[in-house]
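Reading through the structure tokens given below for one structure.
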Amino acid sequence: MTSSATLADPSLAALAAQYRDVRQASERLCEPLTIEDHVVQSMPDASPTRWHLAHTSWFFETMVLKPALPGYVSLDERFDYLFNSYYNTLGKQFPRPQRGMLTRPTVEEVRAYRSHVDDHMMELLEHSNDGSAVPISVIEVGLHHEQQHQELIVTDLKHLFSLNPLHPVYRGVDFPTRTVPAMRWYEHPEGLVEIGFEGDGFAYDNERPRHRTFVQRYQLASRLVTCGEFIEFMEDGGYRRPEWWLSAGFNTASEAGWNAPDYWIKRDGQWMVYTLAGLKEVDASHPICHVSYYEADAYARWAGARLPTEAEWETAAITLPAAGHFVEDGYFHPVPPVRASSGDEPEQLFGDVWEWTQSPYTAYPGFRAPEGALGEYNAKFMSGQMVLRGGSCATPRSHIRLTYRNFFHPDARWQFSGIRLARDA
Amino acid sequence: MTSSATLADPSLAALAAQYRDVRQASERLCEPLTIEDHVVQSMPDASPTRWHLAHTSWFFETMVLKPALPGYVSLDERFDYLFNSYYNTLGKQFPRPQRGMLTRPTVEEVRAYRSHVDDHMMELLEHSNDGSAVPISVIEVGLHHEQQHQELIVTDLKHLFSLNPLHPVYRGVDFPTRTVPAMRWYEHPEGLVEIGFEGDGFAYDNERPRHRTFVQRYQLASRLVTCGEFIEFMEDGGYRRPEWWLSAGFNTASEAGWNAPDYWIKRDGQWMVYTLAGLKEVDASHPICHVSYYEADAYARWAGARLPTEAEWETAAITLPAAGHFVEDGYFHPVPPVRASSGDEPEQLFGDVWEWTQSPYTAYPGFRAPEGALGEYNAKFMSGQMVLRGGSCATPRSHIRLTYRNFFHPDARWQFSGIRLARDA
Amino acid sequence: MTSSATLADPSLAALAAQYRDVRQASERLCEPLTIEDHVVQSMPDASPTRWHLAHTSWFFETMVLKPALPGYVSLDERFDYLFNSYYNTLGKQFPRPQRGMLTRPTVEEVRAYRSHVDDHMMELLEHSNDGSAVPISVIEVGLHHEQQHQELIVTDLKHLFSLNPLHPVYRGVDFPTRTVPAMRWYEHPEGLVEIGFEGDGFAYDNERPRHRTFVQRYQLASRLVTCGEFIEFMEDGGYRRPEWWLSAGFNTASEAGWNAPDYWIKRDGQWMVYTLAGLKEVDASHPICHVSYYEADAYARWAGARLPTEAEWETAAITLPAAGHFVEDGYFHPVPPVRASSGDEPEQLFGDVWEWTQSPYTAYPGFRAPEGALGEYNAKFMSGQMVLRGGSCATPRSHIRLTYRNFFHPDARWQFSGIRLARDA
Amino acid sequence: MTSSATLADPSLAALAAQYRDVRQASERLCEPLTIEDHVVQSMPDASPTRWHLAHTSWFFETMVLKPALPGYVSLDERFDYLFNSYYNTLGKQFPRPQRGMLTRPTVEEVRAYRSHVDDHMMELLEHSNDGSAVPISVIEVGLHHEQQHQELIVTDLKHLFSLNPLHPVYRGVDFPTRTVPAMRWYEHPEGLVEIGFEGDGFAYDNERPRHRTFVQRYQLASRLVTCGEFIEFMEDGGYRRPEWWLSAGFNTASEAGWNAPDYWIKRDGQWMVYTLAGLKEVDASHPICHVSYYEADAYARWAGARLPTEAEWETAAITLPAAGHFVEDGYFHPVPPVRASSGDEPEQLFGDVWEWTQSPYTAYPGFRAPEGALGEYNAKFMSGQMVLRGGSCATPRSHIRLTYRNFFHPDARWQFSGIRLARDA
């Protein structure tokens, strides 16, 4: 699983540059934050920013530096326990729902921890002259892992801030609006297709192996479902009428008291939405976001359609550019595409919102989890979750790819998750 | 969806006979019971026997008699609310977890309700001379529905009795034992296969449409996993070591304190199991049973194998006879096959235990739920559950078929659910 | 603690007669019940009737027959575990919230258990000719214990039946009504008073020792608060306005969604109440009932008054007759007094409804719990509960007395508990 | 209730000085803290330090400045909602369990809020030259209120830090030890006594009115129960044997898994205790601390004694000096008394640990809650809690007095609560 390289390998310099970029990107996301913002865990599913910063460093320390850098000394051995997320192979873990109870190490101490790890990673990548083997592929996992946590920093902060009646602004920005074009449908023929990753670049284990699967004839929608369309669903009794819902979805919605997407509140008859740019009026032209799988599925049924399978999504996306908005665009909110589709292809399959598929997250045929701790990265979560595709406005642009499989529980709403429709031909 | 028939149709007499058989089978299951046994609900997932007897009658009354028998008068209109299980189309439902709170109508009154319904069903099937249309296909659904509840009567009673330290005996019987043959593997080639139901007989909507799917090369185990094999897993730390488990599974097992299959207790160093024949020593040669999906999946990983997909299972089972033990055999417990396999085919794919597959319960491509109340029968549960195949020792023999898809949540253990292994070729 | 007696003692015949009376009274309460009604436990605080019948028998078997009747053989030793309520001294107990899970022993078997115990109690009381000592005082506890369970049979059945939309009628009866007289106040001077039990008759340990306490000048209301008065409180926003409530009470009411006394439902603008005579219109002249301590306390504050202390209640009640309605009157519901008070004393201090006092249930000064199992009867519950006085329409008349201290948690509503006001002079 | 004063009143200067002292004491407690430490809420019963700092300022702003300082402008009107603890009279409150979700206003902003309030309080107390009335008694309540929150800052921080495996040190200090003298008993005669507050100084409403009560003859222990004595109880099966416990206490201990006082952990056979000076070995000579009422009551029963009533405690303490350790002593942990008792009076009734009494927290006879918001200060909590007396090592010395009634639920352990025994004479 692990490819290695000696110093002579010219790719190490590029990897070092990439390492610095990715690590700095995490820290840049924290620039608008107060120390207080780094500390709090708003729900068990979310983690404090401070924890994300420390855990991603722990990942490099544990997976790379300890095995590969001779003489490496940890800054504090107790961090092994504090910042291990879920790797049973690597020992016990501080309980996840308690992550917000730790006020020490402080943010400054966590930054020192990051520097300590970064210095030694640079030593490993740039200055080792004893021919030590560098576990390149593990470092690549570490960088993509850090990018995943960058997205979580954004989504977890949004959840935290949303609980504050002061509606904190993370980054002030105006959102574009658009005239929404009519929905069109792109038809795909039935046939045996190949999906999944193969080749030289990076991909997670769960995108492998590339394999054949049979797809029936289907149609995919030209654009994302908008807030305006979702409001129509709501006004038609969407949240009150069980006939469009999965039974588990309707129960969840009823017990949780859902009557709108997450972060929406009604004020003087107007739907408002909390965004990282503050509380805003809902823009009917924007992609709908912060809906669970259950809501996406119910909306689709109401609309006389369904959600796509991941094979359908991947087959349709194969020739499309990753042209949506990502975290680097600085909106931290899904907005309309820069240019409307030319009319010969669906728009915005990548970026802005993760698109719920109707595919439960399971192993691809022939999947084998890697040996060791990295085998716990994805495989053990293949139960009870649904696949989402395409990345969001909180995803680093270089993190996404055609075969990328994100997965969340069907009731999760705090990710930037939206709706792309499909239907039988 | 609904085919109709006039009196002249000779199939009505056969249907009437089948109706009587199925309805009497429910009542025969209650013969060993005291009145007290009929009343109690042991957990929200289970229902009192009395409720099963009433609800199945309500089904015929509501789906058949009210729409199809002119002048039909309900015995008590309040039963509409009390005995509707989950059909929102048909009005509000008495809360499921409260079903055990109803001591009235009494068992005797419920039996009168059954007779009332039966009398009018007979009138509809045998004596109507006004050419009224008989909704044959709905009646067929009702009969299969009743058979499903017959299985639930058995499993729910077992759960209830298991909570009683007196270990009530439902039916005293001795179980056969066997010398367990070595596990062999039957290989199947890769290819495009067809699964799902097509044709004239009865099938549920979720078995349709018959459709193509691509199956990789795989091997299926010759027999079920035994109690003896499962004890080896347990003795190897099976319930304590997370490396073989899905994360959700290990959490469930830890929180629930599982350390053995359901109904097992250790007494003086010997594993005992509560059966409907009373408390018995665990027989190492018997198929393992009352394990959740999580346990089945963990066992499979420990054994270096995996669970089959439902396409793999159905493809392998296509030529095999339904030769296992069903409810009519009177064991109410999975036992070894009558005859060991001749060696050229896997044994016991049908009967004794439902076999967990690794397939989440989702709609087949092109699936469309029927209009009206029957559209709620299966479709709205297509979330968060796993498919099981083949029927069990509590299933009526005439209820099962090759394409039958049963489904339960991955933590469910009170059904007669066991383990068939598969592996990549 | 335990006085004994030999056969020669003429009081044994009287005790035997009393034993038969009390035991038969339990069984008479069950006459209107179906077998189904005996089995179900409607909430953890309540118990199935079958359990009450068995547990009271277990009490005599365990406390009297096993120690005092030579050669006594238990009907089934497993009942020791099944029917022990909470006596740790006597071994482990079947979990209280699971009492409704036991469908065996059946009602008939429990009746046989009662007969077995009764036969041997009679042998002990009437026929022992070997001079064996009879533990008279323990038997007396057992009889009063059984009377307590008679009251619980009534209140637990009412709770169970109230959950049934069919509104079962336990005993059909018409309730008297009245013209409600104006509230008057009886003043008592300050002074050192004595409360608690002393003397020869029966009393529980928690009524002892008789002791001095200082009472300030106070006034006690001439009659119980009525449904009509309580409706005024409700219509003044009683359940929505926190200013009259204890903080814990308002939280409890909000979380539980209380907006009326227990068993009240509004139908077409009319308050209805479920009674053991079926669903009835609320009669404004009836004593208010099925209110928690929190509601009683909030009502009193709204009315510019307070609840009495138990010393105030007992001091006021000392000369009053126990003239209210008890279980023998057959109403199973609080009704107006037979005769209005003559005007020189408060009416209805005894019977109809238990009267909440503002006294937490604690040990009297100098209290010592008895040695052994009977020491667990009352003492270990002296925490978190409030004292109620005077008995109710579900209390056997011979069970109540001036010094009797009943106790329930402040949120309990399923007992026949009502409101007597007091105020500072 | 509110006495007023004009500027001419010479007592205002003293009050201003007292105000500055109390306010600064709060801030001094925060000096050892990082910003991170201010933010987190470790359980619903506790609050973040930042919240305590803000809420106490809100109290002066709302109760004093807004009604009494003409032209006062709030720093941020939204704080009315954020920092109202539980005063329904003053509007809705941000939910208590969510206090730790607020990362804004920041610590610095909260300090600015404090300064804003302090400046205007000084203006009111020192510089108003328009004869405006100063609500002296409300300011006194505000100062005592702030002292209560100083104690909570200490106890809430201790709870928070205790969850951190790094065992943060709040203030490093060595604790004194002692040779424990034998327990002696001081006897008090029966008689009518007066308890409660009367006179000119400050006292809370719940200490009033002074009133007569009758006390039986009793004995009070000469000293507090020590850790060494409590370990004997533990080693005698204290936490496993129900016979010494209230039923609710044993259930609480079992469900919570208590097997030692709070903050104790066993390491290599040695009991350690987390203190604000870090993790220390338990010193057998120290007063036992962080025990609930349930544990105190069980210990007392095991020791053949009982807890005192509050009347007994107050009667015994009337002549004793407040000679124990308070927050100013800087231990933040209960330690032995400076000088052993001379032998003619019980030692350490004040300071070090709050002493559980057996008295439920109820209104004194004749108690009337004040009108308005201050009426919610104490009265609405008179249910379900127990009285503690004497102050602790976290109490400001000037905050405590003979008649002071503290109150907590019987399962609370995070306060510095310990055990003083009493017994019947």
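The letters A, B, C and D name the chains in turn, as written, and every chain counts its residues from 1.
Throughout what follows, a contact is a pair of C-beta atoms (placed from the backbone, for glycine too) under 8 Å apart; a residue touches a chain by one contact, two chains touch by 3 or more.
Keep in mind it's a predicted model, so treat the numbers as computed, not measured.
J.: Greatest Cα-centroid separation from chain D: which chain?
T.: So the farthest one, by centre of C-alpha atoms, is B.
J.: Please identify which of C-D, A-D or B-C repeats the interface of A-B; the criterion is that more than half of the contact pairs agree.
T.: C-D
J.: I'd like to verify one number: the distance from the centre of chain A to the centre of chain C, where each centre is the average of its C-alpha atoms, in whole angstrom.
T.: 60
J.: Would you kindly tell me how far, in whole Å, the mean C-alpha position of chain D lies from that of chain A?
T.: Spacing between the chain centres: roughly 47 Å.
J.: Could you grab the centroid distance between chain C and chain D? Build each centroid from C-alpha atoms only and quote it in angstrom.
T.: Roughly 38 Å separates the two chain centres.
J.: Give me the residue numbers in chain B that touch at least two other chains, ranges are fine.
T.: none
J.: Provide the residue numbers of chain D that touch chain A in the complex, in ascending order.
T.: Touching chain A: residues 34-40, 42, 50, 78, 81-82, 94, 98, 100-107, 160-161, 163-166, 168 of chain D.
J.: Which residues, counting only chain D, touch chain C once they are in their complex?
T.: 86, 88-89, 192, 211-214, 216, 242-243, 245-250, 294, 297, 358-360, 362-363, 365-366, 380-384, 410, 424
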